[in-house]
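The structures come next, written out as C-alpha cells.
Both complexes shown next keep subunit A, but they swap its partner, so subunit B is in the first and subunit C is in the second.
Moving on to the complex of A and B:
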C-alpha cells in the first residue's frame, strides 16, 4: 500500500533582499493512513514552511525548488491552482497557530463553517447552518446552536481553536495538519484541545501531522516523530524510540533542555556546570497585604492577595490566563493602581504613590521587570545600547562616559556580545533580545525583579540558557525574584516557594518541591496533570549511575 | 543571524546604505525622489535661472506661441511663461511645505495626546476634528481666507487647518495601539514620565504611516493653494503662481492660446504626482524594521 502523503527531497526557497535563501532542504517523510506524525523543531527550523509547501500556501517569494510531494498518488507540485483549491479543505485540513487570526473577525463562526461546506459542495445554502451546528457539536462545543451565532471575539482562545478545528474537519479531510495548535493556550485548555484532536482523528481514521516545538506534546500524541533543525530532518523514528534512544545529538539536546520533573536547572544545559548557589533568604523585602483590584467595568481581577518575598528569595506565581497574576504583578510593579490593600517595599508603602507619578519616584529603580515578550518590550527604533541606557539616563545620575561603561558592563554580565549593542531589536535573535531585556532591568540594580514569563516566547534550548543566566545573576547580585508563569515545571527550577492563583485568589502556597510533589489543592493537581512531559531521559540514568559507582 | 556576524556600519552610513537600497528596490521611488530633487532645485535656483524677468511686460511680444526664445510662449502682457512657471515653483512649494508642516505638527500633537490619554482629551479633540471634517474642506479654506484677509500667510493657515484632521486621526490611531505595548511599559519602568514615553518612545514608532500621509498631503496642499489663487483668493497678480496663471490662461484657451494655461497646469500636475509617488519611499526610509 502506498503512503497517504509522500514527501521526498523537498527544497523550498525564498527570494529575499540578500538573495535566494533555502528554508528547507532534502526533507523526506511519509505518512501512512491513520498515522500521526509529529514534526518537532525550534523556531526557524522549517517545520511550518514544510507544511505550507505541502498545502502550496507559501508566502510571496517562496517556491518549491526541488523534490516531490504526492498525496494519495496525486503530485501536488504539478496540480493546478484549481485542483489545489479542491484538495485544501476537502482532502487536507489545516489548523493554524493563532486561532483568532485564522478566523474572520466580522463573520459569525457558524457562517464561516457553512462557507467551507458550501465551497466543497458538502451542503447547500439551506442546510449549511444545520451542518455547521453539527460540526460545532463534533468538537464538543457546548450549546452549539447559540455558539454558531457568535463572532470570534465573543469566544475564548480555547473555544476559537475548537471552531478552527471544526472548520478544518468540516469536510471530513483524510489528512489534518496542525501547526502549533495549542501555542498561547493554557495547559488545561491545551490538554482538552489535544485530546479532542486525537480523539477525532482516531474516530475518523484520519492521518495527522502535528507541528510543535514541545517535545512533551509530540511524545504524548504522535506515533512517529521527525526532528527538524535548520531546514533539515535530522531524525525520524517512532516516538518511544526517539525518547529512549535519541539517534541525533540535536534530539538529545532538545530533550535535555526541556523542563521536566526531577531535572535541576543545570541539567538543562549541554555542558554541565555547578549549580548556582541560592542566596539565603534575609529580612522581608516585599510585603503585600490583601491587595485587590476591581476594574471600572466591575470585574474583580484580584480579590485580596497577601504574600511576602524575603531578600534573596524567589517566589513563583503560577496560574492560567485570566487568573489575575498579571494584574497582581502590574500592581506590585506600580504600573497599575490597586483598589485596596498595601504594597510595602522595605517597610515603606509604595502603593500610596499613584502609578502615574511612580516613574519619577526614588524607589522606581529598586523594583524592575523582565517582560514576557522581549520583542514587544523593546522599542523598535532604539538600538540595544540605547534600550539599556534608557533607565540609566532617567533614574541614575551617571555622566555620559560612566553610562556608556555601565551599559557595556551590563551587556557582559548578561552575556550579550558587545558588537550587538548597536543593532536594532529586529536584527537580534529571540535569545539576544531576552538578554537585552534582562540587562535593561538590571541597569538600576533593583532589589526585586519581577519576571513575567520571561521565557514564554523562547525556544526550549534558549529557555534553558536564559533560566540558568537568571539563576547566576541572582547568586551574583542577591536579588529577589517574583517569577510569574503558567508553567509549574519551569517555576520549580528557579523558585524557592510557589503560589498558585485562580480566579483572583491564591489557592495554594508553599515550598516549591512540596507543591510539585504533593499538591494539596485539586486545581494545582489538574495543572500538573495537564502539562505534557516528555519521558525522562533514558541516557541520563545510566550516566548518573556510573558517576555514582565511580570511586 | 548569529553572534559571529561581523559588525555592520552604523549611524549615517547605515542610513545612506538603507536609502540606497530603498531607491534600488523600487524604481518608482527612484523616479519620485529624482523628480522631488528637480522641483526643489527649481524652487531654490529658479529665479537665477529664469531667462527673463517674470514681471517685465513687453507689449510688442504679447501672446506669442512657444518658440526658441520663449520656450513656453508669452502671455497677454508679453511676459515669458517659462520664466513665470519656473519662478512660481518657490512660492507654491513654500506655501504647501509651510502648511503641511504646520498641520503635521499641530495635528500629530493633538492626535497623539488624544490617543495616549483618551478620556475627555480624546472626546474634545475628536469632536473638534469631526467639526472640521464636516465642512466641504475647500469651501472651509475659502471661508477662512475670505474672513482673515487675502494674504499668502492666510492661505498657509487655511490649508493647514483643513489638513489637520488627517494627521490627528492617523496619530491618534497609531498611538492608541501602542499605548499599552511592552516597550511603553518598559519605558515607564525606566523612569520616563508620560510625556517622555509618548514623545520619545511611542510617537517615533507612529511615524511611518504619517510619512505616507505627509507626502500625499503635500500634493494636495499645492493643489489647494493653487485652487485658492485660481478663484482669486490669496496670491494676487502679477505675482507668478501656478493657480493664477492657469486662471488667467483659461480665458485664452478658447481663442487658441493654449500655452498660457497648459504649462503652469503641467507644472502643478508634475508636483502633485511627485509627492503622491514619494509616500511609500518615505515610509520605507523611516521604518527601522525595513533595515536589515
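Moving on to the complex of A and C:
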C-alpha cells in the first residue's frame, strides 16, 4: 500500500536579510490512509513550516530547496500553481491556530465556505448557501442557518474554529492538516474541537496531521508522533511507544517538562533539584469579601466572590475565558474599581481607593503583577534594565546608584544573565522576557504577586523552568501568590489552594490536591476531564480508547 | 494502524460520493436530518431575517446619532470663526472708506456696518442673520456671501472631486500592484510617484504643467478659469460645468470645460496621489500577510481571487479613511492651484477676503467648509459601516 503523503529529505529555506536560512532540513515522514500523525515540537522547531511546504503556501522568501513531497503519487514539488490550487482545499484541507484571524473579517462565514465550494465545483452560486449551511451543520454548529450570516467577530473562538474546520472539510479532502488548532482555546472548547476533528476524520476515513506543541494532546489523538527540534525530526514512533520508551533525549525532556498528574514541580526539570520548601502560611494577607463587578453595559462579570490569601500562601484561580477571573485579579490589583465588596490588604481596605489614585497609594508597591504575554507586557523601547528599574523609579525613593545595584540584584535573583540587561525585548528569548517581567514585579518587594497566566505563552520546557523559578522565589522571599490560569495541572504544581470560577462565581474551593483528586463540583470535573490525557497516564492505559471514545 | 485500511476505503467513497459524508454523521441520519431540516430551517431563516432588519435599524440610528453629534461642532465653528475674524488685525471700515477718508467718514461707515456695537451684540446679530439663512454681505465685492459661495463652491468641488477621482484611479491600482509585486519595478515606480507627489509643491507642478502643455506644446487652453471665453457657461443645475454641459446636451461646452479642468485637476491629483498610493500599498501588504489570506490560499482559491476578492476588499478599509482625510485637506488647500489656474473657487475668494478683513466673507467660508467637512466625515462613516461589518457592532 503506498502512503497517502510521502515527504522525504525535505529542506526549506528562507531568504532573510542575513542570508539564506534553512528552517527545516532532512525531514522525512509518511502518512498512510486513515492515519493520524502528530507533529510535536516547541516554537521554532519547523513544524508549521513543514506543513506549509506540503501545501506550498510558504511565506514570501520561503522555498523548498531539496527533497520530495508526494501526495497520492503526485509530486507536489513539481506540480504547477494551477494544479496546486486544485489540490489545496479539495484534496488537502488545512486549519489554523487563532481561528478568528484565520477568517476574512468582513465576509459572512457562510459566504466564505461558499467561495471554497464554488471554487472546487462542489456548488454553484445558487446552491452555495445551502451547501455552506450543510457544512456548518456537519461541524455541529447550532443554528447553522443563522450562523451562516454571521461575521467572524460575532462568533466565539471555539465557534470560529468550527467554521474554519467546516471550511477545510467542505470539499471532503482526503488529508487534513491541523496547525495548532486549539492553541488559545479553553480546555473544554479544546476537547470539543479535537473530538470533532477526530470524529469527522474518522467518519470520513481521512488522514490527518496534527501539529501541536502539546505532547499530551498529540498522545490523545494521534496514531503516530513525529517529534521535531530545530528543523529536524528527532523521533517518529507510534504514540504509545513514544511515551513508554522515548528514544530521543529531547522527547524525554519534553515529556518530563509537561505538567501532569502525579508529577511534582521539580520532576519537570531536566536536572533534579530538591523541592523548594513551601512557606508555612501566616496571618491573612489579602481578604476579599463579596467582591462584585457589574460593567456599564450591565454585564455582571463577577457576582460576589470572597476568599483569603494568607502570608506565604499561593492561591490558584482557575476558570475558562469569560469566567471573571481576569476581572477579579484586575480589581485586586486595583486596576478596576469594584461595584461592591471589600478588598483588605493587611487589614486595610484598598478597595475604597479609586483605581485612578492607587498608583500613588503607599500600598501600591505591596501588590505586583506578572502578565500573560511576556512580550506584549514589556515596552519595546525599554531595555531589560530600564524595564526592571521602572517600578523602582515610580514607587520607591531609591537613588540612581542604589537603583542600578538593585536592578542587578533582581536580575541575579531571577537568573537573568547580567549581560542581557542592556538588550531590548526583541533581542531576548521568551524565557528571558518572562524573567524580566518577574524581576520587574519583584522590584518593589511586594507581599502579593498576581500571576496572570504567566506561562501560557511559553514552550513547555521554559514553562517548567519559570514555574520552578517562581517556587524558589516564593520560598526565598515569603511572598503570596494569586495564580490565575486556565490550566488546573499547572496551578496544582504551584498552589496550596485552588478556586474554580465559572460565570462570575466561585463554584469550588479547596486544597489543591483534594480539588484535583476528588473534585466536588461537576464543572471542576469537566475541566479535569477535558484536559488531554497526559503522557504519564497515556503510557499506562490503552491510548486510543481513553481519548477518542470519550463521549 | 489496523484501523487505517478500513478508513481508507471509506475515504475513497467519501470523495466519490459528494454530499454523502454529511449524511453519515448522526446516529439515524434520515429521521434526524429531516427533523433538523424541516423544523430548524424555518426558525433559522426567521432569525437571519430579523437580524438583517435589526442591523438596518441600528445603522439608521447610528447615522442619526452622528448627525446630532456634529451639531455642537458646527456651533463651535460659528463661535470660533466669529472671534477669530474679530481678532485679526485690520479695520474693515477703514478699508471700505478708502485711503482718502477722514476719521468721521470711517466712523460713519463703521456704524453703518454695525461694527461700532459691542462684540456680543455683533455676535447676536450675526447668529440671528445666520438662522435666517443670511450670511451677510461681502464688503469688498458688495455681493451677498451666500450667493458668491453658491457660485464658487461648485467650482472648487468640481476641481477637487475630479482630482480625487483621477488620483484614486491611478494611486489605488499602483499601490495594490506595488504590494502584490513587492520589490519589482512597479514597487519602485510607486515609491517614485509617492516621493515626487509629496515633495513637489502644487504651485510648482501647476506652473510646470502650464509651461509644458500650454506654452510649449500648445495642447492645453490658457489657464484662465473654468471655461474659455468662446463658450457660454451651461445652464446651472449642479454648478459643475461638466455635468451641466452633459445635462444641457452641449458637448462642445463639455469638451471646453474638460480641457480647462484637465491641468488643474492633474496638478491636484499628483499631490493627493501620494498618501493614497502609500496607504493602498501598506494596507495591501498587511492584508496579504494576514492569516485569512493564508486560509484562502490553503483552501485553494485562485491567486486572482485571493488578491482581489480577499486581500483587496480588506485593504480598502484604511484607503477609504485616507480618502476622506485627503478630500478634507484638499478642499481647503487647493487655493494655490486655484490661483495658478485663475480658477474661480472658494479658496481664492477666502484668501482675498482675509486680506481685507472681510468678516462676513471669511465667516461664510469657514462655516461652509465646516459643514462640508461634517457632511464628508458622515459620508465616510456611512460608507465604512457599509463595507466593514465590525463597525456596526454596538451601534
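One rule holds in what follows: the second predicted complex is superposed on the first by the 535 of 551 C-alpha atoms of A that agree within 3 Å, B and C clash if a C-alpha of one lies under 4 Å from a C-alpha of the other, contacts with A are read in each partner's own complex, and residues count from 1 in each chain.
One rule holds for everything that comes next: a residue touches a chain if its C-beta (ideal position, glycine included) is under 8 Å from a C-beta of that chain, and two chains touch if they have at least 3 such contacts.
What you see is a predicted model; the values in this text were computed from it and never measured.
*Asks:* Once subunit A from each complex is brought into register, does subunit C clash with subunit B or fit beside it?
*Replies:* Clash.
*Asks:* Scan A:98 for contacts with subunit B and subunit C and give back first, second, both or neither.
*Replies:* Touch status of A:98: second partner only.
*Asks:* I'd like to know which partner A:365 touches here: subunit B for first, subunit C for second, both or neither.
*Replies:* first
*Asks:* For A:378, select first, second, both or neither according to whether it touches subunit B, subunit C, the two together, or no partner.
*Replies:* first
*Asks:* Touching A:106, do we find subunit B (first), subunit C (second), both, or neither?
*Replies:* second
*Asks:* Of subunit B and subunit C, which one contacts the greater number of residues in subunit A?
*Replies:* Looking at subunit B versus subunit C, the one contacting more residues of subunit A is C.
*Asks:* Which of the two partners, first being subunit B and second being subunit C, lies in contact with A:394: first, second, both, or neither?
*Replies:* A:394 contacts subunit B only, not subunit C.
*Asks:* Once chain A of both complexes is superposed, is A:19 in touch with subunit B (first), subunit C (second), both, or neither?
*Replies:* In the superposed model, A:19 contacts neither subunit B nor subunit C.
*Asks:* According to the stated criteria, A:149 is in contact with first (subunit B), second (subunit C), both, or neither; which is it?
*Replies:* second
*Asks:* Counting only touches as set out at the top, which of subunit B and subunit C does A:347 meet: first, second, both, neither?
*Replies:* Touch partners of A:347: none, neither subunit B nor subunit C.
*Asks:* Pick from 133-141, 151-159 or 205-213: which stretch of subunit B gets in the way of subunit C?
*Replies:* Stretch 133-141 of subunit B has C-alpha atoms clashing with subunit C.
*Asks:* For subunit B, which residues count as touching subunit A in their complex?
*Replies:* Where subunit B meets subunit A, its residues are 1-3, 6-8, 10, 21, 25, 181-183, 185-194, 196, 201, 204-205, 288-289, 291-292.
*Asks:* Give every residue of subunit A touching subunit C within the complex, in rising order.
*Replies:* 1, 32-35, 55, 57, 59-60, 81, 84-90, 93-94, 96, 98, 101-107, 115-116, 119-120, 122, 131, 134-135, 137-138, 143-146, 148-149, 151, 153-154, 164, 167-168, 171-172, 174, 202-207, 223, 238
*Asks:* Mind pulling up the subunit C residues that touch subunit A in the complex?
*Replies:* Answer in residue numbers: 1, 3-15, 18-19, 21-22, 24-25, 36, 40-41, 43-45, 47-48, 51-52, 182, 289-292, 294-303, 305, 309-310, 313-314, 317, 387-390, 393.
*Asks:* Touching residues of subunit A toward subunit B in the complex: what are they?
*Replies:* Residue list for subunit A touching subunit B: 17-18, 333, 335, 356, 359-360, 364-365, 368-369, 371-373, 376-382, 390-391, 394-395, 417, 419-420, 422-424, 426-429, 432, 437, 440-441, 443.
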